[in-house]
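First up is the structure itself, then whatever we jot down about it.
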Amino acid sequence: MPRRNPIEYSDASPEVRAVYDDIMAVRRADWINNFWKVLAHDPAALRRTWEASKEIMAPGALDTLTKELIYIAVSVTNGCRYCITSHSAAARRRGMSEQQFSELIAVIAMANQTNALATGLDVEVDARFLET
Amino acid sequence: MPRRNPIEYSDASPEVRAVYDDIMAVRRADWINNFWKVLAHDPAALRRTWEASKEIMAPGALDTLTKELIYIAVSVTNGCRYCITSHSAAARRRGMSEQQFSELIAVIAMANQTNALATGLDVEVDARFLET
Amino acid sequence: MPRRNPIEYSDASPEVRAVYDDIMAVRRADWINNFWKVLAHDPAALRRTWEASKEIMAPGALDTLTKELIYIAVSVTNGCRYCITSHSAAARRRGMSEQQFSELIAVIAMANQTNALATGLDVEVDARFLET
Amino acid sequence: MPRRNPIEYSDASPEVRAVYDDIMAVRRADWINNFWKVLAHDPAALRRTWEASKEIMAPGALDTLTKELIYIAVSVTNGCRYCITSHSAAARRRGMSEQQFSELIAVIAMANQTNALATGLDVEVDARFLET
Amino acid sequence: MPRRNPIEYSDASPEVRAVYDDIMAVRRADWINNFWKVLAHDPAALRRTWEASKEIMAPGALDTLTKELIYIAVSVTNGCRYCITSHSAAARRRGMSEQQFSELIAVIAMANQTNALATGLDVEVDARFLET
Amino acid sequence: MPRRNPIEYSDASPEVRAVYDDIMAVRRADWINNFWKVLAHDPAALRRTWEASKEIMAPGALDTLTKELIYIAVSVTNGCRYCITSHSAAARRRGMSEQQFSELIAVIAMANQTNALATGLDVEVDARFLET
């Protein structure tokens, strides 16, 4: 089965264009990245995913840069190259410095290491952690 | 093979006690959690892991709460219950609010979802993401 | 270490050719895909894996298309590009429509999202689920 | 940090009750499982996740039982015990037989095995799979 | 859906008993662990999985202890507690010392850490590694 | 965000060169692979990771080839292509034969399969495994 090609703005249905327009407006960008253009083959998924993303990634009790760092941590752990690349670019646009990127990667790697230690040694959860 | 039991301070060798003392001093805590007490069966691993953790988790270009959130994101994605529980407690001690925890979990879940979309649809990395 | 090259039919031993012949007969195909041709460096693994695959993927209480969809769900979650691509092609040959593919990917992504929610929130299994 | 407790119907806000009511109506059930009751600490996440789930898991080009099987495949691969247990119960309610469950588990296990073979042997994607 | 219960020898069909007998003979053991007794609800899967396991785990170019260590490495990385526990017991019976167990866990944890570094930093494969 | 480029020896700071020199001395090699050259953008991480790797991967109760096999098992399970490739080359330099590589891959794949079976069937840990 061939890969689904990205659907360009000029070829998109009005329903898809409306989502593209909102993505560019919210992000103050003049282009759409491939993730959305490939997802657009399923317009309901495009709309649903974008609405959830807009809601979840908006500034709240956590700022948008912190949310991008969390996103990258998941993406590295899952080995999703597209997601690592696109969200590293997004984090950079939101001000991530080279030093912050280095520290992010170090924490992600450390967590993967200690996850394996805790799992391999079958460490029992301390009762104190479940208390207030 | 039986689980390795936690090594209590009173039963620990001087080498292990020195690490326990440093953990409590750095964390301003009066107890040691099971992770370190089980790891202590291998004193070199205990020392090495603690030294790396101390260095990596210290405040730097990212603050310690942000580092804990990144840690939790990895641990949820790997399904490590011990790590989720212990680092959620650590994040709470560093000031994580209930609202921040809710947003953290929402971002982690969203990232796992979109990682699957990008991987399942085999989305090609946009050239722009690899440029400055 | 260089990648193992695919072993072509013309270069294969009689033992390997016998498996290749059976693959083509069962699948009504006139070619062998790289997975089997690389696995053929270990003829016992080739035979064992093919025999298991033939038995497991045959129509039974679940039809072959459903089995391919399950296969893809695992492969996306593991991030195995080869497996996603080859089994998406197989599902297409067995009649998967574009709409079915869209729904498959949406369910896979949703499940990855809610897995993270259940794990991150450490939700306790309801007693009712373990009853009849 | 203590686990978040499930929020019972009697303790829920009107906003949360409205979602609970819809879950029970759509599922023709008289109870709510822990997943939703724990998620309810974040009412926006509860609503968003339920709306997406209702849309994605509804019968479409794939029937609801097939969607449950795909869900289970992801959950086993991620090792999410809550999700395996709750969606196995859901699949059973939608008619999954013991024989179908056996075949489901066999396909999931086979896919995890061959994913590892393809990844470990670094098998190159056949050009034919990317063509029509 | 309730968990499948282990099928005891006394309740097993002749087909299942034959596999149980072979497991005990090959392992020089007088009991069967739960993995096989639960898998026995699908006698074809029981037979197929046992035959493959017997073939793959037998001493060959790698000795049986080394094979158990590899098995544990996979199981820790996947977070499969049953598999970690049962294969750690098997490794112990084949002579794994406490020191070897410590080194095994350290290597597994290190590999999980550096996997995250290589993935997060998107390191390009050196051409030399693909040459002889 | 552009990928970080490898830092060549000629462009490296004295601190980084000291690590590169030690890597080449310990490995008796005349070149440095990309992993270290990309990690060198964070000199503290370079030093820390190399020191840990040197300590953990040194011959001990387990020989260095066995350690490389364990490393590969983790890397295949995580789907880290860089790590599979570089450590397969390292294993080869330490004497891994083609037959050993075949058996390694077979055990890794088998473990991934049976992990899924144990998880999917929710097999309870046998009390005997937790005893001496």
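In order of appearance the chains are A, B, C, D, E and F, and numbering begins at 1 in each one.
Assume contacts are C-beta pairs under 8 Å (C-beta built on N, C-alpha and C of every residue); 3 or more make two chains touch, one makes a residue touch a chain.
Everything numeric in this text was worked out from a predicted model, so none of it was measured.
Between subunit B and subunit E, the least number of touching-chain steps is 1.
Chains that count as touching both subunit B and subunit C, per the definition above, are A, D, E, F. The greatest centre-to-centre gap from subunit C, using C-alpha centroids, is found for B. Look at the contact of subunit D with subunit F and you find the same residues on each copy: over half of the numbers used there are shared.
A repeat of the B-E interface exists among B-C, D-E or A-E; more than half of the contact pairs are identical by residue number at D-E. For subunit D, the chain whose average C-alpha position is most distant is F.
For the two copies, subunit A and subunit E, the CA superposition rotation is 180 degrees, given to the nearest 5. With centres defined as mean CA coordinates, subunit D is found 20 Å away from subunit C.
A separation of 27 Å divides the Cα centre of subunit A from that of subunit F.
Under the contact definition stated at the top, the residues of subunit D that touch 2 or more other chains are 1, 3, 45, 52, 74, 76-81, 85, 88-89, 102, 104-106, 108, 110, 112-117, 119, 121-122, 129-130.
Taken as a graph of touching chains, this assembly is complete, with every chain in contact with every other. For subunit A in complex with subunit F, the residues that touch the partner chain are 79, 85, 88-89, 91-92, 98, 101-102, 105-106, 116. Those residues of subunit E whose C-beta lies close enough to touch subunit D in the complex are 1, 41-42, 45, 74, 78-80.
Listed in rising order, the residues of subunit B touching subunit C in the complex are 72, 76-77, 79, 81, 84-85, 104-105, 108-110, 112-117, 119-122. Contact residues of subunit F toward subunit B in the complex are 1-3, 44, 48, 52, 55, 129-132. Against subunit A, the residues of subunit B that register as touching in their complex are 3-4, 6, 31, 33-35, 38-39, 45, 49, 52-53, 56-57, 60-62, 66-67, 69-71, 73-78, 80-83, 85-86, 88-89, 97, 99-100, 102-104, 106-108, 110-115, 117-119, 121-126, 128-130.
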